[in-house]
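The same chain A turns up in both complexes below, where it pairs with chain B and then with chain C.
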Partner chain A sequence: MSMKRYIFRRVPQLVPLIIFAIVLNFTLMHLAPGSPLDYLIGGGEVVPQEYIDKLNRDFGLDKPLHEQLIIYISNVFRGNFGNSYRYRAPVIQIIAQRIPNTLLLMTTSIVFAFILGVFLGISSSKKPYSFIDNIASSISILGYSIPTFWLGMLLIIVFAVNLRWLPSLGMSTMGMIGLTGWAAVIDTVRHLILPTITLGTAYLALYTRLTRASMLEELRKDYIITAWGKGLDDRTVYYKHAFRNAMLPIITVFGLNLGLMLTGATLTETVFSWPGLGRLVYESITTRDYPILMGIFIIVSITVVLANFIVDILYAVLDPRVRYK
Partner chain B sequence: MITSYNFEATSRRLRLYLASIRGFWRVFSKSRPAVVGLAMLVVLAFLAIFTEHLVLYNPFGIYPKSVLIPPSQAHPLGTDDLGRDILMLIMFGAKISLAVGFSSVFISSSIGITIGAISGYYGGRVEDVLMRLTDMLLIIPNFFLILIVVALFGSNMRNIVLIMGFTTWPGIARLLRAEFLSIRELEFVEAAHIVGASNLRIVFRHILPNAIYPVIVNASLQVGSAILTEAGLSFLGLGDPSLVSWGRMLSIAQLYMRRAWWMAAFPGVAIFITVMAFNLVGDGLNDALNPRLRER
Partner chain C sequence: MDGKSCNTLVVAFALILIVGAILPVVKLSATLDVASVSQEETPRYGGTLIFLRISDSSTLNPLLTIDDASFLVGNQIHSSLIDRGFADDGSMIYRPDLAERWEISEDGLTYTFYLRENVKWHDGEPFTSADVKFTFDLYLDPELALPQAGFFSVIDHIEAPDDYTVVFYLKEQSPILMPLGFAFWRNHMVIPKHLYEGTDIWDNPYNMNPIGTGPFKFVKWVKGDYLTLVKNEDYYIEGLPYLDGIIYKIAPSSASQIAALETGEAGCVNIVPEPEVRRLMETEGIEVFPVFKIGLTNYLGFNQGTSPEGNENPILMDEKVRHAIVHALNRQEIIDLALGGFGRVQHSWVSSELVNFYEPNVPKYDYDPEKANLLLDEAGYPRGTDGTRFSIRLYYTAGDTPRERASEIIKSQLSEVGITVELITADWPTLKDWITVKYDFDLCWFGHATGPDPDRLYTYYHGTQINPGSWQYVRYNNSEVDALWDESRKTVDPVARSDLFNQMQMIMMQDLPIVPIQERVLFSAVRSEFKGLDDTGAYWYSNHFDRVWWTLGELSEEPEPEPIDTELELRVDKLESDVQGISSQISTLTSEISSLESQLEEIPTEYAAPDMTMTYIAMLMALVAIAISIYFGIKAK
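The block that comes next holds the complex of A and B.
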């Protein structure tokens, strides 16, 4: 089956999932105590009658439920998630402003976790139950059990409060708006270090454990014995032969865990006041800004659905056998 | 008429049962981390059950004279912003964390087992529908779903436990379905069919006992992650405001990070140790219960 046809066949499976996420949101909004209007305004604010009329028009709140659902779905597909009264701006606009910051933090965390995790995983698969293997498995147990936000708080107390090495809040130093060029980049990088370690640790654990298991699996196979038999050196056998095949499950897990990563980002951003999507979640909870919360929920759900779809495709590209199943 | 009680059969069954427990313990106890985890859980359970008898004074009061005291002899883990002893608060928190963890996992396991067993045993259309639903729920990011429901419906303990239970079952359902699919084809199930056992009997007496192991392992790991989820919710301000929970303690500690490190350090240690204990026990159970690994 050609790649194009494979993708073509998978797309229809995507639509019901996205609709499901939107319907879920709609259902919750209607089941929750109070009227949906409360959740479209949020914050218990007193708003002018014209605004309420506008909401009624936009979301057809006076129409029967099934019509409301259709209107809601079409609104979401057109990018209309309602407005945040507190910000006096459309939800989609507020969310869009925060996304780049979250992406930056997630990227650095994944790179940190992936490089270190793969290195630890491969090293420990070379000699199971050796010293480095024990270190790697300790790290993975610690990383699985430690609450993200607590790790962040500890890092702040040690490295920001006591040692004063690194900043603990926000993305840039206050009162340094004028920084340009390299100075600004270095300032941002300094702000990134602690959040990156905080968010990356759980993934470090995951990648270490996965790489090790996956490598051990590959190293048992015949082609590796052949590779050793040909007299290839360590590097080639481990990295070029075994790791390339061992990478497949790691990629799948990345897609499956994107939701978890966004959870981690929410908690990390809250601790470090990192101005991203997660911090927005926290702010919206404290100010009861429901339109934003629901907008984030839909966007996060759709992102995760899409990410899984892309991972599936990527998997088929990397492993041609998948396409023929 | 008095039917004679079959002592021999009963004692044989008992012996088999004891032997299987011994076999389980032999493998389980071989792993030192698993035993350490179990020991930690026993201590935690003890603290959680006897909290009221162990605490020296009411942790819900306000003690203006002892605000933010660093760890000392009187207060081994220091005091918080209201002058309450952190150690006492942590002990009360243990009760909440364990209760939330166990009850939400009980709910999700019950749902997961039911749905997994039905779809794995009957197959066909029922399976298609149930598994489609399972996959959809599996892909929706759990934490955000829980978060939005608690935000909309109100943050009390009942809501938190229920919604955590109702959203985390898909993994269990998939696990159990996979086990059922392979076990239902085995000879002893066929034999049960032939002697005329009912579907209910076959599912509960014959298949389930053989299929339950991965669910038990999963449950242990899930209690840990439920505790983390509850802590995360509380940290974001969605915990039950009327209860002492570790996540809420940390949420408040954030305001005092510069002045009172002990407020942030110790509740986190409690979460960390508890979650780790469940993870270690889960790994140990996996080694001891998984027949494929047991051979080694």
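The block that comes next holds the complex of A and C.
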């Protein structure tokens, strides 16, 4: 069947999927012990019961769970994601503020990891088990095993505290009056370097190994021997022929990573005090800020579903053999 | 990119990492004229303090919340009637803030405050007694259900006879209205009547954009990221504040907070985890000081009570068993090995810092495993064939490393006397549910702070407070103690009141519903370029930072600000602490100003995030360029 019909068939399937995700998240969240009030009512206070009752009413927590769920879903379909319990500000506003920051970090990291990883992988596949290959493989395994927060702290100690080359936290220099234009870009880039290396290392490892494995498999094939026989140069054989075909599994993984774009940077964001969505998730969990959590879950569900969908389409574009029934 | 250059790159990166990790701090030549700074006593003007903290404020209207993170900021924007301070000998005193002086009538039923006359709100409107009456009337309004209303329930009504006088009429005498009401460590601040009258206080937009009378004005708040304040040029004390502004930045990881302090990117860190304190004390350019005098206690609670909600532990209900457990604990060892080594062993539920209230003759339970064994045998829990008597569960909050370590030590100490300890952890809301609602625990780590007056712990130990969800999770129910406590709330004579608390302590430390472990000391860390923070106390007290100054600022022609007037202050407590030994230790440590390049480049008056448009455009262009080059690189000819 054609692409268009495939799309038309798939899209309606996405909606029930997302609704299911919402219901599941909502239920699980409310089942966790503790309530949003625990954070707002600190330690050892004499808090009048009227205050507690008022908070419960404001947050709608005095209603039974299924009623809360229905109210929530009907609000969402009208575009109202509610107000944060902690800040009493609209959820959409708070989330929208953070999304660009996380996207900036994740995009940079994944692109960095992708490009470098692919190059390393292809280089390794040219001479398997050679010195270069071993180095690249060792780094891959190391990069994959190193805990993100440990690597982040190490980079901060080396490059920020000891060498003073790069800033240690945040997305921009504190105390600077609003920079514009290229000065802002440079300031942001300086703050972006260490978090990108931290976050990108694990993905780098992934892409290197993946590319290498995929390439090795392609290079075994007959048409490659033909290409060598034709006397084609390295660049043509490796990139224009082998890599083009080896790309498919890499694209799949890339697509999966896209789905993680919004929340995959939690640890890095915490270590570098990067004002992103991952950190917002963590904070909202510990303070039981349900509206923000739900808002994020919805957005992430949509993102993941969309990303997978796009990858499916891309497959059909890249591989003429794939046709959907 | 071919293999060889790739290889070299990788090796180079690894080398940099290794070298950088073992390189000592690189000190580029300090071009600062040290003489002009190190002995400087005249405050200078300028500078922005960057204050790091872990959690964000929830609101900037001080009436609507009780979370400390909100008060931290609120105390710079708003003022209260009186502040707390400390005299030279360490005793606590009240300082005038919006009220220049005050009187309490003979019968203790009338409190009169005489207000300053030249105070303006940040929007230019004059401050009068009407604002004070309006604010405190809100506390008295039962329909509003303000969280701190309980502190003022003893007030009957309020009058403002003229623009600069406010009179509070009480229903009955209250010895705690001053220390725990007007001068509570969070300060009860005044909000502007002309902006709040007739509005719903919970939804008023000025909650997020506050107008106050304090030394700093609100500029901007990006939730979860940073909050900016700027100097109030019309502050009612001439010549203050010294600083140009304050930026509160959220840095959720303590380790990165300390790193930022060391590089100079931050000026002040709210709380330093105890294990880091010693290292920081020895770091140049950083000063560490204790923010004590609040009677903060680390303790274990026993599940030793009973209530209709059930879940009792009959073993722990036996007093002998509880005594035995405390005898089996070497609390000094726990403090030294796990809790940072600072702070003394606490013997009573009232910390010894509260000299006026602490009873030094309470029954003490020294480390004595033999006695513990004896008591346990007597109580009827002999060792079994495997050497153990019974098993109990010890709960602590997940992620709290010091308490986790301390729990491990407790486990091994108690196993010496045959008690098996199971360690259980969960995040705070979950733990709170298990312990205060379901009473499903045996021993649990907790902390509480008395502030200047032990009455604050009423909710922890008074019999009437036993309720699921309350802090009386130990379910201690002793009618004698209850009666004494109720009487103390009516006793105005400080000596008599103190005696009542002494009696309470003698009884409670015999009953032993809790094991006090440590009189905890909290430390804040500040870069040495900022002076005056140790006087305000960077954490719990949060008094105005109007006298904080930056050593790299500029001297000014302005007249010197009025000094803090100690004659008007009321002496309430004499709080002594031998943590003063630690503070003199700290003050003998010298710290030089660290290298200048770690300083902020300018003295800005306002922080605004950089304009991101160019960055996003650059990002997009880069992505497009990459995509295009990949495409052309792979495209077959």
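General observations
Convention: the second predicted complex is superposed on the first by the 260 of 325 C-alpha atoms of A that agree within 3 Å, B and C clash if a C-alpha of one lies under 4 Å from a C-alpha of the other, contacts with A are read in each partner's own complex, and residues count from 1 in each chain.
Keep in mind that, in the parts below, contacts are C-beta pairs under 8 Å (C-beta built on N, C-alpha and C of every residue); 3 or more make two chains touch, one makes a residue touch a chain.
Every value quoted in this text rests on a predicted model; they were computed, and no experiment measured them.
Once chain A of one complex is fitted onto chain A of the other, the partner contacts of A:Val185 are limited to chain C, with no touch recorded for chain B.
With both structures placed on the common chain, the touch criterion links A:Leu154 to chain B and to chain C. Touch criterion not met for A:Tyr315: it reaches neither chain B nor chain C. After overlaying the two complexes on the shared chain, residue contacts for A:Thr263 are found with chain B alone; chain C is out of touch. In the overlay built on the shared chain, the residue A:Ile141 is in contact with chain B alone; chain C does not reach it. Of the two partner chains placed by superposition, A:Trp228 touches none, neither chain B nor chain C. In the superposition on chain A, A:Phe297 makes contact with chain B only, not with chain C.
When the two structures are aligned on the shared chain, A:Tyr39 is found in touch with chain B and with chain C.
Here chain B and chain C are compared by how many residues of chain A each touches, and C touches more. Of the two partner chains placed by the overlay, only chain B lies in contact with A:Leu28; chain C stays clear of it. In the superposition on chain A, the residues of chain A contacting both chain B and chain C are 32-33, 39, 149, 153-154, 156-157, 161, 270-271, 282, 286, 288.
Residues of chain A that touch chain C in their complex: 32-35, 38-48, 50-51, 53-54, 58, 86-89, 94, 97-98, 100, 104, 107-108, 111, 115, 119-120, 123-124, 126-127, 130-132, 135-136, 139, 149, 153-154, 156-164, 167-185, 187-189, 236, 239-241, 243-244, 247, 270-273, 275, 279-280, 282-283, 286, 288. On the side of chain B, the complex with chain A involves touching residues 33, 136, 139-145, 147-149, 151-154, 224, 228, 231-232, 235-238, 250, 253-254, 257-258, 261, 264-265, 267-268, 271-272, 275-276, 279-280. Chain A meets chain B in the complex at residues 16-17, 20-21, 24-25, 28-29, 31-33, 39, 141-142, 144-150, 153-154, 156-157, 161, 258-260, 262-263, 266-267, 270-271, 281-282, 285-286, 288, 290, 293-294, 296-297, 300-301, 304-305, 308.
Within the complex formed with chain A, the residues of chain C that make contact are 1-4, 6-7, 10-11, 16-17, 20-21, 23-26, 48, 50, 55-56, 58-59, 65-68, 142, 145-147, 149-151, 202, 207-208, 222-226, 247, 249-253, 255-256, 259-260, 262-263, 265-266, 427-430, 432-434, 447-449, 456-460, 471, 597-598, 600-602, 604-612, 614-616, 618-619, 622-623, 626, 633-637.
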